[in-house]
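Consider the two complexes below, in which chain A is the common component and chain B and chain C are the respective partners.
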Partner chain A sequence: MIKKAFALLLVVIIAIFLSVTFAKIPFGYPKTVVGKYYLDHGVKDLGGVNIVTSIVVLYRGFDTLGEVTVLFLAATGLGMVLAGLREKDEKKRKKTPPSLIMRTETKLLFPMTILFGAYIFIHGHLTPGGGFPGGVVIASAFLLMFLSHKKWEAKEKYTKITEALAGMTYVVIGLIGLYVAGSFLENFLPKGVPGNLFSAGIIPLIYTAIGFKVGSELTGLLQNLRETTE
Partner chain B sequence: MIYGQVIFYGASVALFAIGLYAILVKRNLIKILLGLSLIEGAVNLFLINIGYIWGKTAPILSNKELLAHPSAKAVDPVPQALVLTAIVIGVAVTALALSIIMRIYETHGTLNVDKIKELRW
Partner chain C sequence: MSSLILVVSAILVIFMIVGAVVTIHARDLLVAIIASAIVDLVLAVLFYILQAPDVAITQASIMGGLTTAIFLVVIKKTERYEQ
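Let's turn to the complex of A and B:
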């Protein structure tokens, strides 16, 4: 009880200090100069209509490469931590088999969900979305199949190969930019008409690679978690 | 306009406080992880709030009007790009933490931090 009271007191004090600090930050007014620059020059520089995508993939492309690496490390770390961990008292746990509705529906939904994921990452430079959400949608399609079909699995060999190929594509595109345009991850393709599907240079290529990478990584991660819990 | 600060910054402060309380008081490891995720959400919300500008729209310049005067019509895109990064990292870190929790459950047979003797010092 006393512990809880102290914790509450601490939380209240921290909240008050945070509020006092945040009260000095005006809400709803422009704050950064760099954001204005990106907005004004983004379409001219890179040809992508979605400025957030342009920032993530090209202006701060190196940062995104590091982020993809962190994701890869976390997925590998999860595989390592869980390696050798298997459910021992398998008989004790009651399992309810998935119902007929679930099995039929997921079979129907699986290809469509993957198609939707692909749509999200291919249109990353035009609409909200991109490689990361698209990859997560693809992984959710696999999650549906894992939930409804006990025997069905994504072979680790294939997820690993897809992931490695997608990661290599990302780096190779960056290196081509270094060779052709003079700096790593520089745009070397024509910019096209802003708003068209084939525009924005290398943004769709990189986001497709990221979509495949995130999708296969998260699928492998789910597969790892599933092998240990079933 | 003061109410923006109160509502939007207040929401992120409240989320942060709830998450911190969960971390301090709860004894179950999974609940502690939930508290961490709440704090992460609070930080993401705060970053997005910082980038908002009254009366402006999303930084996707999909029509002519927006293309003509982007910075007069669209909000700050930089915090949104940062949050996009942070969300993905958050998912990965949560999955890794969950796997470590599964390991702890296997070796100790409990998720209660008070009962895990090796953590005491």
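Let's turn to the complex of A and C:
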């Protein structure tokens, strides 16, 4: 009883403090100077129409490299944990085939989903989206195939090679920036006309690398999960 | 923000709260996973209303799609009902 009373008291105190704090902050009002700078100068400085991707890839490029590394570590860690649980005996796996509708439909949907994911990361500097969501859409295409075709699989060798090459591309682009323009991940390509597909310097290149990396990483992760025992 | 959008987002927030409560209390973990997926998708719609389409796409694809699928795989490998 006393425990519950204290819990309730704690909730009330937190609610009071939160409401007092948030009452003083006007909703949606730009408070910081740096945000205003990005909005005013972003398109002119970097040539990317989508300001969010300009910030993620160029203004804050180093953070994104760290984020990609974190995702890599998470996928590798899960792979290591699951490695002990691999299904040794193939026959133990249940072999109830999925329905004909599902098999036919996913065959048609698979290339289109991959195309949509590629569209999302190639047009990252023009429309909402970018490497991370694009990669996830590609991985979900592979998930559909995993669900509908029991024997179909993404070979671990190929997902690993794709992932490694894409990660290396990101770092190499950064190093070229260091050599040509003077600092790591600096833009060294022409900005072009804002709004064109070939514009915004290295943003499309980096987002393509991130898209490949995230897509292959998550596909490998799903494949790992699928191979483990009951 | 016009009042219509405010009303719509209030309804969406109520949906999210109901979904979160169901997620916590459901004994059937499949129900819990679907309720949390509903919370994530409604949150994606809210992000879109708040003019953050980038975040909305990421939220819908990662949390609504892939995380739900991984949770489903996990309960298939372990147990469906909570003790």
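Quick note on the criterion: the second predicted complex is superposed on the first by the 200 of 230 C-alpha atoms of A that agree within 3 Å, B and C clash if a C-alpha of one lies under 4 Å from a C-alpha of the other, contacts with A are read in each partner's own complex, and residues count from 1 in each chain.
Everything below uses one rule, namely that contacts are C-beta pairs under 8 Å (C-beta built on N, C-alpha and C of every residue); 3 or more make two chains touch, one makes a residue touch a chain.
Quantities reported herein were computed from a predicted structural model and do not represent experimental measurements.
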item: Of chain C and chain B, partner touching more chain A residues; value: B
item: Partner chain(s) touched by A:Lys36 [first = chain B, second = chain C, both, neither]; value: first
item: Partner chain in contact with A:Val52 - chain B first, chain C second, else both or neither; value: both
item: Touching partner for A:Ile161 - first (chain B), second (chain C), both, neither; value: neither
item: Partner chain in contact with A:Val137 - chain B first, chain C second, else both or neither; value: second
item: Contacts of A:Ile120 with chain B and chain C, given as first, second, both or neither; value: second
item: Touching partner for A:Arg226 - first (chain B), second (chain C), both, neither; value: second
item: Which of chain B and chain C A:Pro128 touches, first, second, both or neither; value: both
item: A:Ala7 touches, of chain B and chain C: first, second, both or neither?; value: first
item: Chain B and chain C contact sites that coincide on chain A, given as residue numbers; value: 28, 50, 52, 128, 130, 132, 136, 218, 221, 225, 228-229
item: Chain A-touching residues of chain C, taken from the complex the two chains share; value: 1, 50, 53-54, 56-58, 61-62, 65-66, 69-70, 73-74, 77
item: Of chain B, residues touching chain A in the complex; value: 1, 4-5, 8-10, 13-14, 16-17, 20-21, 24-25, 46, 49-54, 58-62, 67, 70-71, 74, 76-81, 84-85, 87-89, 91-93, 95-96, 98-100, 102-103, 106
item: Touch list for chain A against partner chain B, complex; value: 3-4, 7-8, 10-12, 14-15, 18-19, 22-23, 25-32, 34-36, 38-40, 42-43, 49-52, 55-56, 60, 63-64, 67, 70-71, 74-75, 77-78, 81-82, 85, 126-128, 130, 132, 136, 194-195, 214, 218, 221, 224-225, 228-229
item: Interface residues, chain A side, partner chain C - complex; value: 28, 50, 52-53, 120, 128-130, 132-133, 136-137, 139-140, 143, 218, 221-222, 225-226, 228-230
